[in-house]
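Presented sequentially are two complexes of subunit A, the first with subunit B as partner and the second with subunit C.
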Partner chain A sequence: MNEIIERVKNLSIGFNSQKGKQISILRNVSTNIKKGETVGIVGESGSGKSTLALAMMGYIKQGLFPLKGECLFKSEDLLKMSSRQLEKIRGRKIAMIPQNAGQALTPNLKIGYQIDEALRLHTDLNKTERDKKISELLNKVRLPSPETMAFRYPHELSGGQQQRVAVAMALAGKPDLLLLDEPTTGLDVTTQAHVLELLRFIAKDTGTSMIYVSHDLGAIAQVSDRIVVMYAGEIVLEGPARKILKEPIHPYTYGLLKSIPKLSLAGLPASMPGSQPQPGSINEGCSFYDRCNLATDNCKKNSPSLEYIKELDTNVRCFNYKELINQNNNLQTSITKKSNNSEANEVLKLKDVSISYAKQKFFDQLLNKITDQNPTVKDINIDIKKGETIALVGESGSGKSTILKSIAGLLKTKDGQIKFENDRILSSDLKMRNPNDLRAIQLIFQNPDESLNPNHTVEQILSQPLKLYFNLSGEELKKNIIDLLKKVRLGEFYISRYPRQLSGGEKQRVAVARAFAAKPDIILCDEVTSALDVSVQAAVLNLLQQLKEDLGTTYVFVSHDLAVVRAISDRVAVLYQGRLCEIGPSQNVYKFPSHPYTEVLLGAVLEPDPDIKPKLVAEDIVEEKPPEKGCSFQGRCPRKIGDICNSEVPPWQIGENGNAIRCHINIEELASLQQ
Partner chain B sequence: MQSNLVTDDKQKNKLEKAFEILKTMASKPSGLIGLTIVLFHVVLALISPYIAPYDYKAISPNTMLLAPSAEHWFGTDSLGRDVFTRTILGGRTALTVTFFGSLIALLWGGLLGIFCGLVGGKIDDVVMRVVDAFLSIPWILAMLLIVSLLGTSTEVLIPALGFFYGKGIVRVARAATHDVIAKDFIVSARARGHSNMSIIWNEIIPNVRDAILVEGAMRWSWMLLGFSSLSFLGFGVSPPTPDWGLMISNARGLMSFAYWSVIAPIVGLSSLIIGINLTADAFAKALGIDRSTKAPV
Partner chain C sequence: MLLLILKRIGLGLITLFIVSLITFVGVEVLPGDACTTYLEREAYGAALDACIKRLGLDVPAYERYLDWASNVMRGDFGYSLSGEMPINEVLGPRVKNSLVLASVSILIGIPLAIVLGIITALWRDKLPDIMISTITIFSMTIPEFISATLLILIVAIWLGWLPGIVIIPSDATFYELLSNIILPVVAISMIMTAHMARMVRSSVIQVMASDYVQMAILKGVPYWKMVFRHVLPNALLPAINVVALTIAWLLGGVVVTEVVFNYPGLGRLVIESISNRDLPVVQALAIILASIYVGINLIADLMTLMLNPRLKSLQIRK
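Right, the complex of A and B next:
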C-alpha cells in the first residue's frame, strides 16, 4: 500500500511569451502517488491542475515545456522518455479517461472494436480471449446487456454510457495508474453520481491508483483518499481528503469550501474577493495575497513554502495557517437573503404552455399551426410574482431552457399563453412584441464567452441596450455605462476593455450589467453560473441577489445544480421531460415528501463532504422522448406503482408544506415512504 | 480618467491597429516579400508616366525587335516600341480595374452573404440557388458576351468583373456569418429587439470582416489574372494602351527569336499576382494570430 508508483519532483512547466519572457504555469510542484490510492487534484480553471496531471503521464501540451524537475514513474523520468518508450507506458501502465468520452470515441467504429483495439495494443491475448475480455470489461463498468453493447456505435449510447465505455477502454491494459480529467463534468447530476460510484468501485476492486482532476470539490470528495489543492500553479494544500474537506487550514481552500452552495443551507454562499492571478503576473510574495483575509505584510514580501504538519499529515503553503485550525465550524454558514413578500402581484403567468420542436408539415405550414401530439414541453402552468426568484430545475432535456426561450420570445409556443403584467397576453413571436415588452424581459446566458461580442469593447456592449431602449448618446450614455459598471462592482477603467481581456467572472458581470441596462422587470438567467469557477459563482450569485434586493427585479433562474438553486431561489419548479413534477417554495421542495424525481435528484447531489454519500435510487437511463401517456417520469421512477403510471397523467397534490406534487401516490404515503 | 491604470490594454485607434497588423505581416519573410512586391507595383503604377523614358505609342520602323541594350533596356517590340516603357506602364490599367472590381465584389458579395446567412429560410434558399447557377457558368464566356455587347471600357469591365468575382465571396461571407449567428450574443441582440440591419452592422460585420477581407484579397489576385486573360484574348484593354495581357498576346508569336518582348510583361504580371497572394496569406495569418492570443501576456 505504501509503495510509491509516481513521484513528481520540483516540477515547473512554462512557456515563452511573445515578449520572450519565460512564464511558468506550474511552479515547483512535488507530490507522489501511492499504489492503490486515489488522489484528487482540485483547483479553479488556470490553476495548472490539468497541466500537472498530463505531465504525470509524460504529456506536455504544445507550446509548453518543462523548465525543471522530473516526473518519475517507477523511478523512470517520463519527461525524458522518447515517444516510443512512452507508447509502451501509456495505456499499459498509465491510462487516461478524458472529460468528454463522446468526443474521445471514434464515431464510426463499434464500441467492441474500439475496446478490442486497446486490448490488441496493450495485451498479448488472442482473438477468443479478447472477445471474452471485452464482455468482461463491459460487465465491469456495468453497461446493460454487454453482448449487444459491443456492437453499438458511440452515438447510440448516452453520455454516461459513453463515459463507461471510456473507463472500460482505460482498464483494458490493466494500468497501474488511471488519470481522470474531469470525467463527470459534462454529465447530468444523476449520471455523474453513478459514474463516480463506478469509479470508486473500480479503484477498490482492481487496486489501481487514480489521479482525479476536477474543479468540483463535491466529486473529488466522493472518490479521493488524498486531495491536492492547486492555486496559480502551486500546490497550496495537500493531505488526507477528510482533513482537507472538514478542516481546511489554507485560506484559499477554506474560502473555496465556503463558496460552494450546499444543499443543507438555504442562504447564499460567502464569496471570495478577486480572482486567480494570470500566469506571468505573479509577483514576489504569496500568490493568494490579494484575496486572503489573513494576509500580513510578511505574505506580500515573502512567498511561503510548503510546510509539513505532522499532526494533521498535511502540507500547507501559508504563514498563518494556525489561525484557521480552530475556525472550522464556520464552514457551515451562509449569508441569509431577504425574501420577498408573498403578497406581491403576479408579473408573469405561463398558462398551459406547450412547446414543440417538431418540424411543421406542409399542410400545417399553410395553416400556420403545429400539430404534435407529444410536444417537448407540455402544460406548463407557472405564476411568477413580482420580485421573486423562481428556479426551473431539471437534467438536460427537461425543457427548462426551452421554456426560458419561449418567455424571451425566441421560440414559438404551440399552445397556451404567456401573460405579462395585468394579464396582457405576450405574443410568443419576438417581432409581434412591442419595444417596451422587449425591454422588460432580458436574458443572461450561460457562457459569457459566447454572449459578449468579442470585437466590442465593454463600452460598446453596454451601449447597445442603452441606445436601443433609451436613445442615449454622448456624455449621458457614458455616465450610464459607468453607473452600470459600478452596480456590478467593476471599475470605470473596464470601459475600454475587450471581453478577451476579462476573466470569466468579470465577463459574466458585464453580461449582468447589459441585462440590467434595460431596466428590466424580469431577467431570465440561463445556467448563468455553470461556466464559472466556484469562488466566482458565489460572487455572481451574491451580486444577482444584491441587485434584486436593490431594484426589485424578478428572476427566472434555470439551472441543473440543485445546491445553487437552493441558494438563490424563493420558489422552485422541478421539470422532467418538459413536464412539471413539483413546484413550491424552495425550503419545502428540498424537504420530503417530494416527487420521486425530486427525490432522485436530491439524492444524487454531490456535497463536498466525504460523509454525505449520494443516494442512487433510480437508473441513469436517458429517455429521448417524453412518454405519450401517463406520468412523465414513468420510465425511471423508483416508486412506480403500476399501470396507472403508464396510462394516466397524475393529479396535482398539495402538501402541507405548500409544495405541489404531481404523483399518483398519495402525498401522505409518499411522506412516510421517504422518511 | 484612470487611464494610467490601463497602460497595456488602452483602446487603440484604428490606424494604430492597422499599423500593428502590417507589422505582424512584415515580421515573416513571406509577408515581407509579398508586401514589398505589392508596394513596388503600386508605386510604379503611380510614378511610371513621369519616369517612362519613351513614348509608349511611338512606332518606329527603325527600331523593330531590337534586343535589350543600354538604350532600350528590355528591347523593343514588333512595332519598334520600347518594351521597358510599356512594361512599367502596363500594370496601371490592370491594377486600377481589378482594385475597384475587387472592392465591388467584396461589397456586394459580402453584404449579400451576410444577409443570407442571417435571415436564412426561403430567401436564403432562393438567393443561394441563383448564386450556384451563376457559379456553374464559365465566367469567361459570360464576360466575353458582356464585353462584346457593351464594349471594353473600364465602366463596363469594373462592374462586370466585380459581379463575377463576388459570387464566391457570397458563399464565404454566408459561411462566416453562420459561424457567428449561432453565438449567444446574436441571440441576445435578437431578444433585445434589434433590427436585422442593426444586428448585421453592430454584431456580425465586426466578426466576419476579417474573413471577408482575406477572401477579397485572394479574389484580387485571381481577378488580375482574369483581367489579363481578357486582354490576352483581345477583350480587355484596347491597343495601343500598354497592358501586360495584351503585350503577351502580341509578342507570343515572336517568342522564338524575340523573347525579350514577352518576358518583361510576364514577369510583371506574375510577380504582382504572387505578391498579392503572399500578402493575402500573411494578412490572414496576422489576423488569425491576433485572435488566438487571448492571454494578455
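Right, the complex of A and C next:
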C-alpha cells in the first residue's frame, strides 16, 4: 500500500509569452501517488490540474514546456523519455480516461477495433484471445450486449456508454495507474453516478491507483482517498479526503466548499469574491491574497510555502490556516433568500402545451393534419406567478430547454397555448408577437462565450436592447448602460471591454445585464450557471436572486443540477421525456413522497461529502423516444407496479405538502415506500 | 440509402433541366437568332429563309425547346453551324482530349497534393512546411496564364526541351497527345495541387488537434500508426468534395490554359464556338459541362456518405 508509483518533484510547466517572458502555469508542484490509492486533484478552470495530470503521463500540451522538476514513474523521469519509451508506458503502465469520450474515440473506427488496438499494443494475446478479452472488457464496464457492441461506431452509443468504452480501453493494457480527466463531466446526473460507481468498483477490483481530476468536489468526494487542491498552478492543500472535505483548513478550499449548493440546504451558497489570477500576473505574496478574508499584510508580501501539519496529516499553503481549524460547522450554512408572495397573480400560463420536432409533411400541413402522435413535449400545464422562480429540472432529453424555447417564441408549439398577463394568448411564432411582449420575455443562455458577440464591446452589447426597446441614445443611453453594469456589480470601466477580455463570470454578468436591459417581466434562464466554475456559479446565483428581490422579475430556470435548483427556486417542475412528473414548492419536491423519477434523480446527486453515497435505484438507460402510451417513466421506473404503467397515463395526485405527483401508486403508499 | 441516391439523382436532373432552360432562354433573348448571327451580312432574303428553315427556327420557341431537349436526351445535339457537321462529331475528340489532360493532371496532382498537405501539416512551422507552403502559396497566387507563359518561355524557348504549343489535330491518338501535354499538365497541376495541398494541410492540422488524436497518443499508439489509422481517414474525408470540384473545374474550366497551349480540348472549344457565334455548340457545351459538374458532385456526395460511418448510419436509421 505504501509503495509510491509516481512521484512529481518540484514540477513547473510554462510557456513563452509574446513578450518573450517565461510564464508558468504549474509552479513547483510536488506530490506522490501510492499504489492502490485514488488521488483527487481538484481546482477550478485554469488551476493547472489537467496540465499536471497530463504531465504525469509524460504528455505536455503543444506550446507548453517543462521549466523544471521531474515526473518519476517507478523512478524513471517521464519528461526525459523518448517518444518510443513513452509508447511503452502509455496505455500499458499508465492509462488515460478522457473527459469527453464522445470526442476522444476516433469517429471512423469501430469500438472493437479501438479496444483491440490497445490490446495489440500492450499484450501478447493472439487474435482469438483478444476477441474474447474485448467482450470480457465490455462486460466488465457493464455495457449491454458486449458481443454486438464491438461492431458499433462511437457515435452510435450514448454518452454514458462512450465513457464506459473509454474505461474498457484504458483497462485493456492492465495499467498500474489510471488517469481520469473529468471523466463524468458532461454526463447526466444518473449516468454520472453510475460511471463513478463503476470506477470505484474497478479501483477496488483491480487495485489500480487512480488520479481523478475534476472541478466537481461532489464527484471527487465519492472516489478519492486523498485530495490535492490546486489554485493558480500551485498545490494549496493536500491531505486525506475526509479531512479536506470536512475540515478544510485553507481559505480557498473553505470558500469553494461553501460555494457549492447542497441538497440539504434551502438557501443560496455563499460566494467568493473575485476570480483566479491569470498565469504570469502573480509577482509576490500569496496567489489567493485578493480573494481571501483572512489575508494580512504578510500575505501580500510573502508567499506561503506548503507546510505539513502532522496532527491533520495535511499539507497547507497558508499563513493563517489555524483560524480555520474547528470552523467546520460553519460549512453547513447558506444565505436565506426572501421567498416570494404566493398570493401574486399569474404572469405566464402554459396550457396543454405540446411541442414536436418532427417535420410535418407538406401535404399533411396543407390538410392541417397532425401526424406526430407522440411529440417531444406533451401536455405541459404550468402556471407561473409573478415574482417567483420556477425551475424545470430533468436530464438531457427531458424537454426542459424545448419548453423554454417555445416560451421565448423560438420554437412553435404544436398544440396548446402560452398565455401571458391577463390570459392573453401569446403567438407561438416570434414574428407575430408585438414588440412589448418581445421585450417582456428575455433569455439568458448557457454559454456566454457563444451568446455574446465577440466583436462587440460591452457598451455595444448592452446598448442594443436599450436602443431597440426604449429608443435611447447619447448621454441617456450611456447612463443606462452604466446603471446596468452597476446592477450586475461590474465597474464603469468595463464599458469598453470586449467579451474576450472578461472572465467567465464577468461574461455571464454582462449577459444577465443584457437581459435586464429590456426591463423584462420574465427572464428565461437556460442552464445559466453550468458553464461556470463553482465559486463563480454561487456569485451569479446570488446576483440573480438579488436582482429578483429588487425588481420583482419572474424567472423560469432550466437546469440539470438539482442542488442549484434547490438553492434558487421557489417551485420546481420535474420533467422526464417531455412529460411533467412532479411539480410543487421546492422544499416539498425535495422531500418524500416523490415521483419515482424525482427519487432517482435525488438519489444520484453527488454531495461533497464522503459519507453521503449516491443511491442508484434505476438503470441509466437512455430512451430515445417517449413511450407511446402510459407513464413516461415506465421504461426505467424502479417502482413500476405493472401493466397499468404501460397502458394508462397516471393521474395527478396532490400530496399534503402541496406537491403534485403523477403516478399510479397512491401517494401515501409512495410515502411509506420511500421512508 | 437507395432512396437517398434516387433523391440526389432526381435533384441533379432538375438542376440540368434548369441549366438547359437558362441556356435556351439566354440564346433566345440575344438579339437576332442563330441564322442572323451566323450569316452576318448575308442574313437576308433566300439565304436567311433557307437557314431558318434548315434549323427549324420558324416554329415557336417552346416547341423548339421540347424538340431540342428530346433530341439531347437521345444524345443528339444537332448540327454545328460553322462546321455544318453533327455536334457529336465535333465534341467527341474534344471530350477525349480534355479527359486525357484532366486525368493525367489528376493522377499526378491529387496524390502529390495529399502527400504535400500531410507533410506540411505534420511538420507544421518547421522547415519542410515553410518551404512547401511558400511554394504552394506562390503558385496559387500567380494567375495561370502567367505561369503557363513562363513555362513556355523557360522550358520550350530557352531550354528547348519540349514543344511550346500543341500542334496536333484534335483527333490525335493518345500517344501523340501524351508527349504534347507535359507542359499543360504542369501548368494545371501547379494551381490545382497548391489549392488542394493547402486544404489537406488545414484539415490534417485540425484533426491532429482533436481529442481523439491526443487520446491515441496517450494510449501509446506509435506515431505513424496513429497518423494512418486515426488521422488520415478523418482528415481526408472532407477533401473528397474539394477533389470533385477540382475535377469538374479541370474538365470544363481550364479555358485559359488550353488557349495558351493551343490545346484542342473542351475549354478551347468554348472560346471558339463563342467567337464563331456557333450557338448550338454553345448550348451543347453548357449542358455537357453542367452534367459533368452535377455528376461528379453526386459521386463525391455518395462517396462521403459511404466512407463516413456517422452519415451512413444516420441514413440507414431514417
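Just so it is clear, the second predicted complex is superposed on the first by the 670 of 675 C-alpha atoms of A that agree within 3 Å, B and C clash if a C-alpha of one lies under 4 Å from a C-alpha of the other, contacts with A are read in each partner's own complex, and residues count from 1 in each chain.
Just so it is clear, a residue touches a chain if its C-beta (ideal position, glycine included) is under 8 Å from a C-beta of that chain, and two chains touch if they have at least 3 such contacts.
Everything numeric here is computed off the predicted structure, so don't read it as measured data.
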Inset, instruction - Determine, for the superposed arrangement built on subunit A, whether subunit B and subunit C clash or fit. - result: fit
Inset, instruction - Once the structures are superposed on A, label A:422 by its partner contacts, choosing first (subunit B), second (subunit C), both or neither. - result: neither
Inset, instruction - Give one of first, second, both or neither to describe whether A:471 is in contact with subunit B, with subunit C, with both, or with none. - result: neither
Inset, instruction - Would you please give the vertex angle at the Cα centre of subunit A, with arms pointing to the Cα centres of subunit B and subunit C, as a multiple of 10°? - result: 30
Legend entry - First, second, both or neither for A:75, with subunit B first and subunit C second: neither
Inset, instruction - Using the touch definition from the top, say if A:345 reaches subunit B (first), subunit C (second), both or neither. - result: neither
Legend entry - Dominant toucher of subunit A (residue count), subunit B or subunit C: B
Inset, instruction - Kindly classify A:493 by the partners it touches after superposition: subunit B alone (first), subunit C alone (second), both, or neither? - result: first
Inset, instruction - Working from the superposed arrangement, determine the closest approach of subunit B to subunit C, counting only CA atoms, in whole Å. - result: 5
Inset, instruction - Share the list of subunit A residues that count as touching for subunit B in one structure and for subunit C in the other. - result: none
Legend entry - Touching residues (chain side subunit B, partner subunit A) in the complex: 1-3, 5-6, 9-11, 183-185, 187-194, 198, 202-203, 206-207, 291, 293-297
Inset, instruction - Would you mind writing out the residues of subunit C in touch with subunit A in their complex? - result: 209-212, 214-223, 229-230, 233-234, 237, 307-310, 313
Legend entry - Complex contact set, residues of subunit A against subunit B: 17-19, 21, 23, 278-280, 408-410, 430, 433, 435, 438-439, 441-443, 445-447, 450-457, 460, 464-465, 468-469, 491-493, 496-498, 500-501, 514, 518
Legend entry - Complex contact set, residues of subunit A against subunit C: 54, 57, 59, 62, 83, 86-92, 95-96, 98-100, 103-109, 117-118, 121-122, 153, 155-156, 166, 169, 173
